[in-house]
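This report refers to the structure that appears directly beneath it.
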């Protein structure tokens, strides 16, 4: 891994994310980069399903939201420390994904995509109906929850660094998988699942494994993100629009590469931030995203990275 | 000679159609066994029944003495049974090397990525694709794709290779080269081969024994000469007996 | 007891509309192997079209179905040429994303124009009363019209030349092309028909219940459930599947809160797909 130039690029970017706001103390920069880091986590884990394995997970946000809810429950009701809640939430959601996957991963292509669309709506309805999770009014954090982390201001910085660290881990994980035997099997499944099976790839296991893996870090980040926000509501946690935007980010940057996922997420986040502020466009967020997605699908299916590789083939080995 | 494959009374129905019925035969280690018959005779279905893509309704398939009837294809490959497809299935957006590496990684030996790469290079040399190892599989022409298909299956280090019409669509030079490759697979690597072919010169020249399938049932089985002389076979499939003999003479 | 029966009867009637909606989805899939993710948005557009024709322009709701069908067809053909045609040969992922992108554009524009407030087309018809429960006349008429539209579509597919061409392309596109059928144009027509039927079903739903721009989504989920009940690509199965779903909903409604519906439907969806990958009803040729 250390021989790969992109490994060092990831480390450098993670360091920049951590150090620049950390040293300057600039809170608004921190908030902007935090959102960027969250999106990068979502997009790069989604990439494992879409870009590596060829299975479109429209419901990727379910992992993030469930992680948020489980984590919030553990912190507010069980009074567990944040780091533990985050880890356990990640593990639980991963396990749930494994179980869910046993069912829906048997479905091919479009059927699978449809099932995942249903998942978000179903999980949202389920959570909204459970009193333990606060029902439709959600859950919220009291100030005392920030005490173990040294008070609210300190806590926000800790959460930020944790999320940035998880972003780095996510990217490195994607990189490792891409260059492993496991990754090779996933790519084979993406290209032609039946051929892959005949070649000896244990497709059912591989798919289940990657689905569960792709749930872990987003769930952990979900816990941290909603902890930082202090409140979690069903519509926010299971925001189908964000789920879709994750797909747009991935396609924009170029699915199948780690760089593509990260780049697409970051650029889209900046663009989206600009859109939401501008009075004319804020209404049309979904429309703009839709037009962007359509344009990419019709004219540039490889996204930015695909275009870049065609222009400068040498970059293939560097920006993985 | 040891038996590597034993098929006993295998059959499959699709709705009302009997695609394969009561087919029984065996192949020895290092043997080249030809499978011929008119289109729709059930040859590819038989392949699918052997390597687990479809589960037989009746009968047994044994590989090196082990019952593999209805076993998942990814397990069958691990035991040493590979196959190619009639309509080739290249992994298009992956390179030629990556394609063959997949075959090597997930085949009979549980190889690491690095070990698989060297096996892959080796096999690519055998089928003469090593100068195109970095090309995307989707960019190859049909002959290249066919060679890739074989390379992938061979990289799994099989004891038995199922070849489904590997010569279809190739020009005479390519056919000659492919026949050489197939012969070398058996001669140099000891791989047994079960091949479906329509090209008479190839099948008759390469095979140690031949089986004729018609409407899902075995019509005849024997040496190429015996098959060429079999009246029932001639009537059902081969056509002109004199021409068949001439082809047989030319290929030996 | 009577409440359950009334609920079931209502479910049966509404189910016919579900069936019509699902026919739109399954037709497109059957002909071009594309899962139309604009389906929900088109249902919603049909709802709004009815609203504007009836509550704003004052037309008769049922006569409005004709321009809505025509309009839906035109929109469908346009969407086909703009978004779908280029990705017809590509992977499933691309066509999914293409139609999904159009869906985002439509829903986004709709939300911007009409917000997510509920709209209602206000009128009613005398219904059938029975043991204290009333089946609204609007439901009965909507069900009848849904079946008429489905029958008309059937007539088109089986008794006109273009309809036969559509079925030929659905069966084997290459062969149809070799026989001189202009496949791209037929695909556009098929897509247009699917959208027309979807928007008509939306209009019919609008005669029964209030709606928002986002309502299409839940009917889209119902359509997916119905198509897997009936088998993707099987219009007759879709109609029966719709009625079955309506009956299930009717049977469950008196006992369970409506907010559980997405959970139940999603579970049903996955369970059916796992048990019957080719659908429950195999009427005629299944896929």
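Chains here go by letter, A, B and C, matching the order in which they are written, and residues are numbered from 1 within each.
Here is the rule we go by: a residue touches a chain if its C-beta (ideal position, glycine included) is under 8 Å from a C-beta of that chain, and two chains touch if they have at least 3 such contacts.
Keep in mind that what you see is a predicted model, and the values were worked out from it rather than measured.
Novice: Quick check for the class: compute each chain's Cα centroid; which one is farthest from the centroid of subunit B?
Specialist: With centres defined by C-alpha atoms, farthest from subunit B sits C.
Novice: Using the touch rule from the top, work out which pair, A-C or A-B, shares more C-beta pairs.
Specialist: Pair with the higher count of C-beta contacts: A-C.
Novice: What is the distance, in whole Å, between the centres of subunit B and subunit C, each centre taken as the mean of its C-alpha atoms?
Specialist: Inter-chain centre distance comes to 47 Å.
Novice: Averaging over Cα atoms per chain, report the distance between subunit A and subunit C in Å.
Specialist: A distance of 33 Å separates the two centres.
Novice: Distance between subunit A and subunit B based on Cα centroids, please, to the nearest Å.
Specialist: 44
Novice: At least two other chains touched by the same residue of subunit C: list those residues.
Specialist: none
Novice: Once bound in the complex, which stretches of subunit C touch subunit A?
Specialist: Those in contact with subunit A are residues 35, 83, 86-87, 90-94, 96-98, 100-109, 111-112, 217-218, 221, 224, 228, 257, 259-263, 265-267, 269-270, 273-274.
Novice: What does subunit B use to touch subunit A in their complex?
Specialist: 51, 53, 72-74, 77-78, 83, 85, 89, 91-94, 98, 101-103, 105-107, 112-113, 116, 152, 156
Novice: Mind pulling up the subunit A residues that touch subunit C in the complex?
Specialist: Residues of subunit A touching subunit C: 50, 54, 56, 58, 103-104, 106-107, 109-111, 113-115, 117-119, 121-122, 124-126, 128-129, 244, 247, 251, 283-291, 293-294, 297-298, 301.
Novice: Residues of subunit A touching subunit B in their complex?
Specialist: By the definition above, subunit A touches subunit B via 179-181, 184-185, 187-188, 191-192, 194-203.
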